[in-house]
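Beneath this line is the structure, given in structure tokens, with notes to follow.
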């Protein structure tokens, strides 16, 4: 058989490294599409001039675009037969991606645990995105539940990796040369600096975006993500296409400009859950909570740890509401993401 | 509060200059998207080679793309709380925008007049788009009706600017180096030259384009226009998203290629009205009327003043029909735009 | 009349050469859009680095993107009044198209035959796409049935060109420098090499893509294809927009990555039929049949001749089913395309 059925749970071995296809060169085209698909307005990613004023050689590719590109490459090898995307941890952006760079990806299997039902298991991988010089541009751990194909295959010795609850501030990598001492708050869109945010503060980002089938498919294809459920309306019994969770991440992050315009660059992904599925016609909204703050060694640059929550539905006073009395995510919650960003002091 | 509620009528002062966020670098990505979103076929904007044969260093970014980029930046500061977009005047394109350029924008408040109801007022601004060298690439006056937030705020002394009914031909700025003496009409798509058009002539552009939600949102986001009503289906009671008027302008202008293929570059915006709202599912058509003609100092280059009217509905012999017996725009009219373009003699 | 009604059957003369408008410069923007519109993953077109490892200076523009760009230019002159697109033959890609290249097109009328009903006729043209150096980048023969406008116009002397059933392997043009001896199968996405495919083998490409109005219009406009029926929902009595056949070609070709990841570059189009119309909401699937194999003079490079069939509907075991007992295409068949591609030995 020439087509790729994807890997099943019994096909993974702890310690193996999977080199993913297909390498991809990015250009101004990806940047323009990112800005058409999401209301992204972060000044460093929008303007070469603004980026230069902050010590960078040019505007880098959006951090989440780099993430989606790397993630997409892993889908055929990691999650084609996944039942669920369970979590992220220890994600770090290690170097900016510039137009003209070529990205590839590889994943190391770092954990395996068969489920008690014997029909599936959890696979943990540490994925790294690499540029054309072999430098890692980002890395993250993801774990997914994957079906078994051969139910008689022996269960592997369980290996469950110990993962940090959050990336330590000391481990954040600030892009070389970044300097916020001359930061232009008016051009960036908001006056709020690092010192203006308090741990525990909740920000309702106000704006909403109703999503369309054409948009999420354009986005997901752009990242060469091949998961069938995003594209094929005949795949699910209800005839709906499930929206790639990364589309919700990028939409929510872009909406969070309104209140967090100066949370300029994402440098770590501490964790994340796709709480409920998103479908075309849903109106995505977002709120954020400040979880932590830290200094960095870069001039004028602070780090801020944020919980980004995407919800669906009409506007309302629901910012801050995350879980019900039963401890489960509320039905309108789509995403609960925990990340570190850099902000001018 | 960290989010931006936008300015209200009482927040403006005549003479103040507002620097708008966020600067934006354009590339071939924006050009490709513009050509995917609109049936744009103007040869100078489509082909570096054609542009060079006309004395330019390369194909500039589409004139209306530059306009939308600048306009989009003004939305958070000027029209987030606007009730209506009332008009444009004295618009001029002052220098081409090239891939790689970074645009920013600033607006001077040039007029204020509170409405007699005390609940809103009209704000006039003169907006300028600037490139990375600080050179103005375009300017225009726009006036909008903006709500008051504090109804007790005192009414300002009324200042109503005197605006030209049209940009005088002598004030048109022809891009440096532009030379149409070797113009290739076959490659451009039509044989009609400046001398072939008569003042009063009406051209039915024949073609129609049915618009989709995904398209107008991609376009409007690409220009970083943040007006909620274009994106959030829960915002209006009828659950529809209002299409950005600039989407209609670009669609109609692109449709006008059929009959005006050689009206190559827009150099002035004399005025414009968004006569009726446009929604997804509408089929946009266009007709033009030649309003005036003028010589320019550039070799082989004439100027033509055109009324561009966008309508919705099925094809029919309605070219030239604009207003009813009551003087109001006909219900099928979406746009009434008055501009100057450059055309080979 | 300033607008172009298009040519009718009586307007063509055997031997005339039509220079088509509008030249077009391509960039990374077109590449990014192609990857957003189709699940294209061919490594040579995705990655500059992979292309360099195969002896090319950079990743070329996707072969079918170049085809659509050239095809689109011919529409206003060849098929605006076409009743049917009847076939393709003798198509060859002659040189890669690189970002920055400017394409134009010209067509020679090589055949004419009026239909017996006297109301229409068949027009054969040989179209060539040319870059800014005047080098042909591709050529193909297409024939279409075109309406007569003046039914009294005399029928031309019938000229029916003799066309090859397939491009001979000896006539395939391999891009200069192409060398697959160091081909990285892991990065390319599949291990199957030229020797692994057998003539007669049928491959079910498994994946499906449900198409949306916004997507096919974005694509078709990107190629500056002006056929009204793709854009104007009021044009057909049933209110549907017919999807450009080239959209189905590119979708099917991209879906065929799953099983033919190493069929890297298209070098010939032997023939093709748009068997049934495609509309938004259809889910496109694809299967391929290996028709022939041939050696080439380039190091490590083999040629493979493939039938690519696009179908619509839910997944099922229909790979290989093409025609009914009556010899007609099955109702679910959208496309039957015959092409040569290059594959590592």
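Note that the chains take the letters A, B and C in the order they are written out, and that residue 1 is the start of every chain.
FYI, a contact is a pair of C-beta atoms (placed from the backbone, for glycine too) under 8 Å apart; a residue touches a chain by one contact, two chains touch by 3 or more.
Remember, it's a predicted structure, so these values are computed and weren't measured experimentally.
How far, in degrees, do you have to turn chain B to put its CA atoms on top of chain C, rounded to the nearest 5?
120
How would you label the chain A and chain B contact, same or different, if same means the shared numbers make up over half of all numbers there?
Here the answer is different, because the shared fraction of interface numbers falls below one half.
Indicate the whole-number Å distance between the mean C-alpha point of chain A and the mean C-alpha point of chain B.
36
Going through chain B residue by residue, note those that touch at least 2 other chains and give them in order.
27-30, 32-33, 99, 212-215, 218
Going by the contact rule at the top, pick out the chain B residues touching chain A in the complex.
Going by the criterion above, the answer is residues 2-4, 19, 21-25, 27-30, 32-33, 76, 99-100, 102, 104, 132, 212-215, 217-219, 221-222, 224, 226, 228, 231-235, 241.
So in the complex, the part of chain B that touches chain C is made up of which residues?
Residues in contact with chain C: 27-33, 35-39, 41-43, 46-50, 59, 99, 186-190, 192, 196-197, 201, 203-210, 212-215, 218, 258-261, 281, 283, 313-315.
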